[in-house]
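Below you'll find the structure I mean.
Letters A, B, C, D, E and F mark the chains in the order given here, with residues in each chain numbered from 1 onward.
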């Protein structure tokens, strides 16, 4: 199966050795984005993947492309135009110190500035069976919002399965654009078959009615019915004593399952939601049971906390070894 | 408010990646000292700070100065003389392996050898409202002891508030100098308004009488009364199960408060007492309540365990985010 | 003497070990700009220096400030506003392979967006005797151009000596802004006492008339007379066989001198013109002869080719050792 | 006492910073092997040690030798022949992610190909009082098996105490060689005085009869009686809640003792069994009580989890400090 | 045009910072091989490229594939089988110190052990118009020799243009295999249309008759006629004073041209012949004149001496900038 | 032959990547000293070597010892006492920028403080046939001077061949100790059989009479006769155009020979004189002709300019390859 993801690729500049930015003279460069992260995880599990994004026509864009290819994702459908890429600085937390992310301007990035024509979109969708769209593209610029919605519209016409991730970031939204944004989210959800999100997204963004007495499953179901969504999944995190615990859920039209609770030990905290989403897509692509799917996805998320970089690179062999023996220490 | 700190600056040569010294070919250089550490923390919270020390008149001294400035501390009152700086090697511990510190000779350092004239001291104290003196300078050499006591005497004459930190290190004291040292501690305490120390300092060094039945608060009060000290603060560390817990206290003439107990997760273990002291000074400078002050100071100490380097660089924004949400994981 | 420089500070992201960007996962971060570079060199020779620029109000801006201070330049007159800083990627050349520079968007940078009020300018100019303005600020944005010209106007009113550096970069100028730009250069030159530039600047930008038969000195003199410039300096580079040779010149109202020809061996090729300019300013500040000045400046430039980073950090001791013994190999 | 160990030395190529191999461009090279690891630990506790192995006659072999010497182990008895060394890649785990080891071909290594003549063996055993042989050499090649058995035979004739470590790795054994292997293990055990292994080795490899109701001590005793073994030791690891716990045991002809249970915090997980074995040998060499011996050995193992590299380098000073104060945080 | 190259991929382990192997604890990993190097250069100039090789079915093989993709070369035709990869250690020379290369065993590598079936070969050759075969595969093992000759035979049947590179390494050939090897070289040359080699290859390996009085061009022509070769190219290196000079030649059936002489400044000395060959192929693919082709190829070779890694990554933009201005210093 | 060298070992802290000290946060640690450097070179050519020095009884001393062993030099005769080691900072030059060395205090080093008893000296000299003493030990402290002279006296009594290196450093000598120093040099020379030095040493330090008309060889002969020296050697460096040229000389009682002139290309400039001396000792040990000896020594010196670290590690294979082909580029 050919999978295409649409989303911005940003340069990630991480401070090494748990230092703060002002303590370092060297930065670790990689590239990141929800779409890329999900494709990376799928590619590391044997799926054929393609990225649709816009990268600048210079050394930086070339470098981003080589990074995409290195992850096992095809760069052949990437558009090359413009001169700027968005970037963010990451100061990795340690123990009970949080990670800190600082964004540089992304409004001028190639992704946010370039219009995708209908022809370009159709070319990009050739032979694609599953399309992933990241909700952030609805907030980053007027152009990226239009591109995302056009893409979804055409994909639906082509009967391509569409997967959408809320990924709602309050801080990215300008006050006067809030209504436009909610509107575009709703449009997007009507195109979507598979959705990733949380209780909060349904309540605060979509304002779905839900009383405190009702179980959260009722809320999920209302949402799925209203927007004709086939699968809805996500994760919740809680603290038990001084341990952080992650649990995934996955709802189909008829059923809802939960993964085991798994302890989180954090090395590199970003991109772990994308690992969960990719795990769910693996189950859908390979037609596993809901329970198998959510367990696989939650181990993928758990391990992605312990690996370097935003883009998950865990293979199914390691996930299965971990599913078989929770305490496995060395694999030879 | 202008704050001046007096103390030795040493070169810290840390072994990277948790290796032992014999396993490395590369060292991470920084500079450290109680005075510098406290000023660094104050500067990162917006206070105007100046360091009074002596640095050698060569490349190494120039490099130390640039490090001081980088931390946001003014180097304009530093004396430049001599050719030697003290240094120490740090093998950072991991988990239940302790950190190990090895000192090279500091007796010949510019700080230990150069006399501060009364004129030099008066120049250094211009416009200063708060002076911090580190107890280590009473032990490192006869000259540094004389300099410290002269400085305190003149500062008192100028009605500058004096803050003193016991920082008593048994290993630095030669057997035949013990009485001289205790004497100089007592002199120094009579000049001091704010003091950092521990129960042990009061019992073993000052030999204040205290029966085991009495609460430790009674001891603190005896000490503060005898030496006319306005504020006395410090931290205690205990193990609860396999967790390390830190708690701070702060006593005024009329009251004594304790911070919440906070778990310590260690990355870089040195300089955390200085982070606590700096937090207390922030409260005194900005006139917070005792309780606000001790909470702020204890979070500053807690976070300084998780950051690289001896000199705390945590800003008040991060401390406040942590005070509001203990479990905060990512700040965007 | 207090010197102030006005100019943009950019983040420089250099690829280590002579690799190309696509070959690296790590970048070396520093900060750079003509103003900062010149001040760095002056500060390393004992001059009191202040930078006037705008830096973003976030971790990146704080880091840039700490870098400025580390170089010995005061950050107290820097404005803190906005969220973005310009950046460039540097792939360092080796031998006969050229260095390559790729700029990311700087139009949204704090420096290019923020207006300097007359009050802000006057505060920044307090006690300043020499002001340096970099010509690039005339091209980067409408706002930065207005800021630069306002600053020069007010400085002239305050009778502050103004030093201006052409630094004309064709690639930065949009086609339809060329006339505006030339106009602003001319205005700026009328405010200026000391100017750095080249024959090409005078011919192509200012279109000063000059026949091929006339010596270049005649051209310099025409320019200096027309714009009432007291000193005009610059460098020329030529290839002799496979050696690269640098020569500096310095013209006063009455005289013109040339430095010895010196071989260039390149390690880090950027910022070397700024090293020359700073060397000239040293001579003007300390009232050396023209010949002493131009020799000092040309050795400063020569050595800056062999040192890391854009900002020159060579001290006068090293320059003098080099002036005394061209072949000096080790200094102990 | 002079100690000799016989075993293969492999090149360890570890991925830094907890990355996976595909994420790195740099590897950390060291050399490793059970024999070398045990000697390293003994040498760091003051014992005179010699390695018997075969290293290739090229730059790589020279480098391996310099690494051996650096650890404090004599390289004078190493044979230099051939062109190849075995190697393995290590992706270090983090938290609940396991470490992964990938071996490259070792069948062509100098160690696996070169025959040790009786003369060479006798030369190597000169003045040796204790000989350690690693069980892996029984599996790596026909030649290495023959060499190991010859060595043991001659050492026994010379009345040298022989210490043998099961170190049985299922994955190294080809199906059709299983019987030969068990046979060679049994031969080797008959030569041996001190043995390191586990319950599993006795049951699965030696097939010693043992009912589930019997205590494990009974099994140990049967084994020791049958093979005339003087000392048998090893470790067990269990999970208590989310803590990993290590406990050592040591059996003599008359007695069996257990160490305290100690928590394991993992930094570098390989070579920790060798640290335990070396600790036991220290006690035998210096004639400590069984209990002292097993405590020392288990702290050596515990600390070796927290230090870099396969070869333990903990000194007795640190072990004793840890034995005296479990919670020691900084040693100055 | 789709280009396929066949050849072994080895792991290159380079010592950083011009150290010798025994001085380092860290190695820089990359992957290399004539086929890969040529494809890398073509890919960086916009050609669609595919590698045919065998890589092991483990983490190391996966990492090699990701490296191939990163260079812009398709890994889809690579066979995944076996467990071993060949490797070599590189100690980079500096100035007048030569680089030193030490090979580890490659006889057990997947490339040397795995048989390519005719079906596999036909699949690999699908849509290919140009095939490159490296002469080293004739020496590394019997299997690799058979594979190479089979591949050439089938490609010729499919009328695919075949390019062959002598790459004869005396040291790789066992004494008793010399005749077989010469024989296989001759067979291969009969299949080939484009050949890279040197005067020495023709004289010593093929024993083409040639008197010392005859010009070398006569020799080239004899060779090309005898083996029906359309193009023959290569480079010569000479020392002029203390400068190293490179010159390329290219012969067609009717003509022979020479490039300008260009100075070599060495940073990373390996893979430069492959850069020349790739440059020639660019001219053949895009139908340039012989002279344009040989100049482009010789600049590609010259610049590849100054870039990191065996695989050339210079783009045509940089080569053209260099062709236009030999002394270009910075490209902005 | 067993060779012993006596001299101080200092910690060398080098700034990486040609940066200045103030630009770095990381330092490269190694250990250095004339005695160690010469032994390193001999050991890399197969000679059995032993170092006599004093190292501190702490982690730093242990690390220095492991470094000594790693170089192939025996550490068994090193005395372990005291707590301090001397150190120096190295800022490596680039091209025409000189290297800069900054010493920290060495007066308190174990080497300068500890007395060697006659017994200790005799133990150290057991089985030694050649003893090397570095002239620096005559200047570093009263104690080190006494130790050096005692050592020479006893070695002479034991009929051990003594080799002495002037290594006179004006900057190390206090004004009032100049006469004592010259006196001790003269005493030492009377004990010595082989001496390394320069024309300047003979004229300025020993004040041997020599008119400008006389050839330098006459001076050498006077010196050798007066002090009964068997061999006297050294190097001269000159600039030819922009090339640096090195030439070695070696005088016996009857003859004087000069090496070819060889170009110097500098990577790491320190320790190159020691490489020359070691080369000469190789010839004396293995009884080569004077001419062979001086050529070998001068290539050793030439190559040591191009290798990392003070201690030469070039093997005879590389020197011989270089002697056979001056332009050798890659050794496979």
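Everything that follows uses one rule, which is that contacts are C-beta pairs under 8 Å (C-beta built on N, C-alpha and C of every residue); 3 or more make two chains touch, one makes a residue touch a chain.
For reference, the UniProt names are A, B, C, D, E, F = Sugar kinase.
Since the model is a prediction, treat every value here as computed from it, not as a measurement.
The set of chains touching chain C and also touching chain D is given as A, B, E, F.
Note on connectivity: the fewest chain-to-chain touch steps from chain B to chain F number 1. Chain D and chain F carry the same sequence, and matching their CA atoms takes a turn of 180 degrees, rounded to a multiple of 5. In this structure chain A contacts its sequence twin chain B using mostly different residue numbers, the overlap staying below half.
More than half of the contact pairs at B-D come back, by residue number, in A-B, the repeat among D-F, B-F or A-B. Averaging C-alpha coordinates per chain and comparing to chain A, the farthest chain turns out to be F. Looking at A-C and B-C side by side, the one with more C-beta contacts is A-C. Chain C and chain F have centres, each the mean of its CA atoms, that are 45 Å apart. Between chain B and chain E, the centres computed from C-alpha atoms are 62 Å apart. The residues of chain C that reach two or more other chains are 16, 20, 22, 25, 66, 70, 100, 103, 266, listed in rising order.
Interface of chain C with chain A (complex): residues 13, 16, 20-22, 24-30, 58-60, 62-63, 66, 83-85, 87, 89, 91, 100, 102-105, 107-108.
Residues of chain A that touch chain E in their complex: 66-67, 69-72. Residue ranges of chain A in contact with chain D, taken from their complex: 16, 70, 243, 263, 265-267, 302-303, 305-309, 313, 318, 321-322, 326-332.
For chain E in complex with chain F, the residues that touch the partner chain are 17-20, 22-23, 93-101, 103, 169, 171, 239, 242, 244, 266, 269-270.
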